[in-house]
Amino acid sequence: MGSVMSPLAALEAILFVTEAPVPTSELAEVLEVTPEEVERLIEELNANLEARDSGLVARSTAGGWRLYSRPEAYPYLERFSSSATARRLSSAALEVLAVVAYKQPVSRTQIAEIRGVDSDSAIRSLLRLGLIEEAGRLSLPGNPAVYRTTPLFLEKLGLGSLAELPPLADHVPPAEVVGALEETFRPGVAEGA
Amino acid sequence: MGSVMSPLAALEAILFVTEAPVPTSELAEVLEVTPEEVERLIEELNANLEARDSGLVARSTAGGWRLYSRPEAYPYLERFSSSATARRLSSAALEVLAVVAYKQPVSRTQIAEIRGVDSDSAIRSLLRLGLIEEAGRLSLPGNPAVYRTTPLFLEKLGLGSLAELPPLADHVPPAEVVGALEETFRPGVAEGA
Amino acid sequence: MTYHVSTAVFEGPLDLLLQLITRHQVDVTAVRLSDIVTEYLAYLEEMRRLDLDVTSEFLLIAATLIQLKAHALLPADAEIDLDEELALMEERDRLLARLLTCVTFKDVAVVIRHRMQEANRYVPRVSGIDQEIAVPAPEVVIPTDAVGLARIAAAVLARPKDEPDLDHLDFDLPSVQAAIDELRVRIAEEVTAGFDDLVAHCRRPVEIAAYFLALLELARWGLVEVSQEDWMSEIVVRHTGKDAGDLTSEWAAS
């Protein structure tokens, strides 16, 4: 084997060592080929991986490409090491994450207002896990920080961008639930039996 | 639940995610095959990698197996390491940098203790980017390295010396945690385990 | 009158209110306001008794609820103060809007969890570049200034160590339902088996506990008979020959 490597092999090596998804344009620059050629190489790589019964797959998340183990390998990885497998978020942390995802940039107080409960510990947890980050400060007393989601959040959700989040409108309660709630809290209606 | 995976594909996935070489015996246990079968599977894996013009190779080092990028990929990785993705500082790396800046010299274990999560990959990143460096070793079991910031770090932040770092006390949010600050970090004690 | 207040888990006043409403909606379409108010107040009382943190927010919502209830009880021809009426309507609308927002985000959080679980099964490599790259350190961009770094350091170092943060812990509890399914198959094949053999593959005590719970459930359904000569001897499990078809236990959901 000589010392020159095919662009296909070089692409795989880069997607292997990277610590975050790599945009197509950047891959094109490093490999000195066109972005179209990068897309074609990635297709070829995935076809090869599939054909050779590989445990790996190249995926596009957070606006870039990266190698991942196939989901079917997950049970083995769980058995192999607990650090390789993700920690599960509490429902409080998930709710805060949902609020930040759709309302960013959003402050601590605004999050607490929406959830109706103090959310500091969940926010700390998400900051530590790198799923949200500070996005500046408000010019209000105490200069409260506002938060936004990180590229890691997109990667962990397998999303290309925030635009791919499911529309919030799809999750507003259906009309009959809203109607029942309104009925319940309507003043001036005598209590029925 | 996904479909079942072949031991060959599972082996590749494990050698892909691992951060340290995995001994044959451990692979045998996780894959539920004999050690001889593991050796055979690794041979098959390397034959497959070669056949599909992969940028990766399974190699045995330090008593175990792991996937590595091929040496021929070096020129590409060199170019990649100065690309935007490779030099972007993650929020985890930024946190580690902040800890090292204010607590130097500080060890891997102490950093993990302070942050509450494993920080090895962030430390590696900062070392590679030349923002921190080894500052000696502790006389403790395993002789763990301690880290300090580099002149490049000062230059990047526009500081003349470490003495010009803003005092930490100015940025501790609530008064009651100030006391806990010193409590958090006790050199030597943290390193005990 | 007596109220049995179970130890429900709720996060804050909105969450409590939502849970009370959902519970009532199980059997009736329109929820009776007075039931909700009564129960909400009962919880408040219980929380005070247990010395739990009853914030002003709990009280504010209680006050709105009581006002709405009082208003609903007034005879239709009673004289009303228009200003008060409007203020109450505003309060009510605000409460409704908050409830709806809260429900919406709870709902979408479930979707996010699902997507994360799916995506989590794809594991990336995190070790970075192994080869010693012999080029000068690349131009790194530090996305903050010295003051920003001080702020980050202060925040990291101030993390309380005495209250362990359990928010991200995955207890990785074994599934009792899975244990039930597995035991049903095995006991039908083996007819008689010792409990120790049935759990021989378990690695952690908590897994054995899951199988034990599963065993109790199977015994309750009459699918197995369980005997033990004395408290130190082996638990013997015998198939009764019954097959109750597709049973779902209360564990199925968890």
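For reference, chains read A, B and C in written order, and residue numbers begin at 1 within each chain.
The definition used in the following text is that a residue touches a chain if its C-beta (ideal position, glycine included) is under 8 Å from a C-beta of that chain, and two chains touch if they have at least 3 such contacts.
Just so you know, these numbers come straight off a predicted model, no measurement behind them.
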>> Taking each chain's centre as the mean of its C-alpha atoms, which one lies nearest the mean of all protein C-alpha atoms here?
In response: A
> Which chain pair is joined by more contacting C-beta pairs, A-C or B-C?
Replying inline: A-C
> From the C-alpha centre of subunit A to that of subunit B, how far is it in Å?
Replying inline: 22
>> Quick check: how many Å separate the C-alpha centres of subunit B and subunit C?
In response: 34
>> Between subunit A and subunit C, what distance separates the C-alpha centroids? Give it in angstrom.
In response: 22
>> Going by the contact rule already set, what residues in subunit A reach two or more other chains?
In response: 16-17, 19, 67, 69-71, 73-74, 77, 84, 127-129
> For subunit C, what residues touch not just one other chain but two or more?
Replying inline: 121, 123-130, 155, 159, 165
>> Per the contact definition, I'd like the list of subunit B residues that touch subunit A in the complex.
In response: 2-6, 8-14, 16-18, 22, 26, 30-31, 48, 51-56, 67, 69-70, 72-73, 76-77, 79-80, 83-86, 88, 90-92, 115-118, 121, 125
> Tell me, which parts of subunit B touch subunit C in their complex?
Replying inline: 2, 13, 16-17, 19, 68-69, 71, 74, 77-78, 80-82, 86-89, 94-95, 97-99, 101-103, 114-116, 121, 124-125, 128-131, 152, 156-159, 164-168, 170-174, 177-178, 180-181, 183-185
> Touching subunit A in the complex: which residues of subunit C?
Replying inline: 11-15, 21, 25, 29-34, 36, 57, 67-68, 71-76, 85, 88-89, 92, 95-96, 98-113, 115-116, 118-130, 155, 159, 165-170
>> Show me the residue ranges of subunit C that touch subunit B in the complex, using the header's touch definition.
In response: 121, 123-131, 133-135, 137-147, 149-162, 165
